[in-house]
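Only one structure is covered here, and it is reproduced in the block below.
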Amino acid sequence: MKEANFKTKKMMSRIAIYFFLILFILWTVVPVYIVISNSFRRTIEIKQMPPKLIFTPTFEHYEKIISLDRFGIYFRNSAIISISVTCFTLVLGSMAAYGLKIFRSKIGKRISNFLLLGKMVPSITILIPLFILMNRARLTGTFIAPILTLSCLSLPFVTWLMTGFIADIPTELIESASLEGCTRMRTFRIIILPLLKPAIASVIILVMQASWNELLFSLQLTNLNTYPLTVGVARYVGAVSVDWGKCSAAATITMVPIIIIGFFMQKYLVSGMTAGAVKG
Amino acid sequence: MLNTAGKSGLMKRKTFELSLERGDLLPLLLMLPVLLVILFVMIIPLLYGFTMSLFDTGFGKKITSEAFIGFSNYAKFFQDPVALKAVFNTLAFSFGAIIGDLVLGTLCAVFLLQIPRFFSSALRPVVTIPLLVSPIVVGLTWRYIYDPRGILYWVLGLFGLGIQNFPGVTSSSTALLSTIIAHWWQVTPFVIIVLTAGLLAIPEELYEAAKIDGAGPVATFFRITIPQLSKVYVIILLISGVDTVKVFDIIYALTGGGPNNSSISLSIYAYSNAFEQSNLSYAMAISFMTMIITFLVFGIPFVRQNLSRSDRA
Amino acid sequence: MKRERKAVLCFLILVTMVTAFGFAQPKANLLVSVWAGPHADLQKRVTQEYKKDNVTIDDVDYGNLKAKQLTSFQALSGSGNYDVVWVNSQWMKEYTDAGYLLPIDDYIKSAGIDMSIYSKGLLDGCVFNGKTYGFPTFAQTLIIAYDGDVFKKEGLKAPTNAEELVSIAKYFKQKGSGIALPAKQGSGAVTLFSQLLFSDDGYYFDKNGKLNLTSKEAVYAASIYDQLVQNAVPGVLAWHHDETAEAVRMKNAPIGIIMSGLANQNSDPNKSLIVNSVKYAPLAGKNGKAAATNSFWVWAVAKNSKNPKAAFDYIAWMASPATEKKQTLADQQVSGIDALSKDPEILAKAPFLPVVMEQLANGKIDPPLANFGKLKSALIVSLSEIATTDAKPADVLAKLQQDMAGVDFSK
């Protein structure tokens, strides 16, 4: 009797778990589906309820935003900025984390924890002074301003993550390298970097996502030639008229590349967070 | 060039960690670029902004000595009913957002690990999608969903419910909640990822010991899983909890701060003062107060925990 | 060591490339800041015919437009800042006080432009301290749009004053729909309130310049607003102008108060279900008079522009009768030029034009005072309170009057 009870209980809990997960997946996916499908609907259909699941798709919104509104250029700009920021933070962050390790390896992790305090600065506080400074330096409207700024927003997190990762690497491993006669930089290249791979992958996806999707600084520090995709999407949100068709097309172009990259990097996301964030 | 061959173990460790006194610049050189970037992009504008909050300045106005108004902006903050409402809203948002994120995230992370590996590795990438969407796109999407003539109410209509039952963004009682829901959609995936990492790090032996002692699943969950995860929760709080106090994009896109200022957040109030009401110095003061509040809520416990932990090698 | 050098080299190359990309921008002689939307697309097309200089239009969404202009005014000349700005009439006072705009009287004189073709009410909003700062254009006002077929079926006539408007709204509310209006916490509601106020010859200030929000015209306007919201289609509390106009043209509401700048979408078969049945009426007050809050946009030259003369030539061209006519024919926007509104070609395309012109002729502008922005922000919140709570309009206005007691409205 007890065994039968136990088995049904187990089955019930299994069903409950699956039910919850299915609901969660639906709740996750439906909004994304809405945006993407809206980008292919005629404007008049977008606002009609009940929504038609089967409809004839149109490409007019994409045509309009790419030809008339130069969306291809925004895409290029977003790519330039995001890739540069990712590379920049990776190089600087891992270097700094290594520097911290060889400087004060025992408390390096705790020092780097203080970097996280940098997250407490609201963007609006530094937006205007930063604009003035960048402008005086003739950097506004170039790619340097957004790259530098967005890097700064992610650097504390990346450095902290890397420090955590490096802290996990056994000191004996590092010492044996120096025993073999390696300089410290060579040790960095040969021993540390390969072990950082999961963290690097984690950083790539998180930093790319953050800089690709940023709006406030990207809007003020760039001009016509360097606007990224987020500014392009914002443009269709008027106070007086929201063009849902173009807006959804713009949003889709903005969303899809990062989602694709995310899919490829999935494997590393969890392992990257494990050592870097969780242990130590 | 380090030549440590032939030295004793202790000496090896010491020579590896060369200290500053020996004139060793490499560690500092490695850390320098990061420090420089943070200095120029964050610290200096921050100080500049703080200075601005002490003077009666605005766009295009110079900072002159007559315009010095000291801390009167900050005094004004405590007497400004809208500012205080914004504080309340921001903290309420933060609280609701974080609780929802953690609860939903924990349930999902735990459940994902209960189902066969094959399924969970297929589902996990899907679950992380909202994380990869820009806040402005999130705001727009949910604006479309919450539209009174839109999809949410059509679905509710199928169950016989309508806008009276859940007024969504149109009523001051539920506007903030609606923004919190949109936030949950976006941030829960991050919690799931970090918690999954944390759950995987829990040693199997603990669970086995619990089984031997005859503990049921619920007891195991509360006595072993959650305490083991406490460190991870702190990290989540620091990384995404702090972001909730700075909330701007989502609320701005969905409600604009209304109705009747029921969803105005501190960042929105600061933005409105800077650009819509030409009150730049007050805006700076508001954002500084935001920073201080964030530090009080998140920073102090964090600093205490960090400093009190015993030195672990 | 070699591999390390390579890595550093790669990094340096990357940095150089980015720098080169960064600093190399194609030459744009004139940078123009406008508000994004269908009219901006039209402006871009029209600008392609401007042969004199190289003009690039930067259209930014309304929420961020002012912020972007403000930061541009802080920038160094020639650092990519805007030469020409499209300024909302409500920001003109702030901009001219702060010295962001260039006075253009001398340019006007030497170009021999006849400024009398511009509607006086609008032109007055471009002149401060005796100096002219721009050309008025793109005037908008709230008007009533309704579905003529539905009205015919129900045996209703268009409302001729505020009371009739409320009773029509009540009629439809009892039948399950209602009126559409912008009741979201924001400037849309304030525009509606002020139009009702001005239509009764009321104003924010009394004859002596003192703030008077408790005047009977103000209380009447607020209570009409309240009643309209009570009899509105569900959801208006989340609507600004675009959602309201959409509700009307998608047949969710048989009558609505919409921005005239959106009326052209009613005739677009891709966007509207009432193409053949839409009709317009003035938004009138108690006594049948309809007045606008004259809100429009101004073509102006930024003071920190590197090419002020070229910038002036461009705005003079954009605001000239020929160019304005082209734009009005294309999307029925209302220009600042009086004569165009009587042009038969234009009237044929824009049936709402007479309504708009009547309201503009009776209209008043928002007071050009430094602290008016504060009043407006507070009014936004008060109207939201009136719309969402049971508070009596008179009480809310009285409280607002008290809250504003210490504010200086003398200049």
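By letter and in written order, the chains are A, B and C; residue numbering begins at 1 in each of them.
Heads up, the rule we're going with is that a contact is a pair of C-beta atoms (placed from the backbone, for glycine too) under 8 Å apart; a residue touches a chain by one contact, two chains touch by 3 or more.
From a predicted model like this one, the values you see are computed outputs, not experimental measurements.
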Going by the contact definition up top, give me the pair of chains with the most C-beta pairs touching. A-B
In terms of CA centroid distance, which chain is the most far removed from chain A? C
Intercentroid distance (Cα basis), chain C paired with chain B, Å: 36
Taking each chain's centre as the mean position of its Cα atoms, how many Å separate chain A from chain B? 14
Check each residue of chain B and list the ones that touch at least two other chains. 149, 271, 274
Where in chain A do residues touch two or more of the other chains? 47, 128, 132, 185, 234, 237
Mark out which residues of chain C touch at least two other chains, giving numbers and ranges. 63, 67, 74, 186, 243, 250
Parts of chain C lying in touch with chain B, wherever the complex brings them together: 63, 66-67, 70, 73-74, 94, 98-100, 184-186, 233-239, 243, 247, 250, 252, 373-374, 377, 381, 384-385, 387-389
Would you mind writing out the residues of chain B in touch with chain A in their complex? 1-5, 12-13, 16-18, 20, 26-31, 33-35, 37-38, 40-42, 44-46, 48-49, 52, 104, 107-108, 111-112, 114-115, 121, 123-137, 140-142, 144-145, 149-151, 154, 185, 189, 193-194, 196-198, 200-201, 217, 231-232, 235, 238-239, 242-243, 245-246, 248-249, 253, 266-267, 270-271, 274, 280, 283-284, 287-288, 290-291, 294-295, 298-299, 302, 306, 309, 311, 313
Over in the complex, which chain A residues touch chain C? Could you list them? 42-44, 47-48, 68, 80, 84, 87, 91, 128, 131-132, 135-136, 138-144, 147, 185-186, 189, 219-220, 223-226, 231, 234-243
Of chain A, residues touching chain B in the complex: 13, 17-18, 20-21, 24-25, 27-29, 31-32, 34-35, 38, 47, 49-51, 92-93, 95-96, 98-100, 102-107, 110, 113-114, 116-126, 128-130, 132-133, 148-149, 151-152, 155-157, 159, 171, 174-175, 178-179, 181, 183-185, 205, 209, 212-216, 230, 233-234, 237, 244, 247, 251, 254-255, 258-259, 262-263, 266, 269-271, 273-274, 277-279
Counting only contacts in the complex, chain C reaches chain A at residues 1, 3-4, 7, 11, 14, 18-19, 21-23, 25-26, 28, 31, 35-38, 41, 44, 56, 58-64, 67-68, 71, 74-76, 79-80, 186-187, 240-243, 245-246, 250, 259, 261-262, 265, 270-273
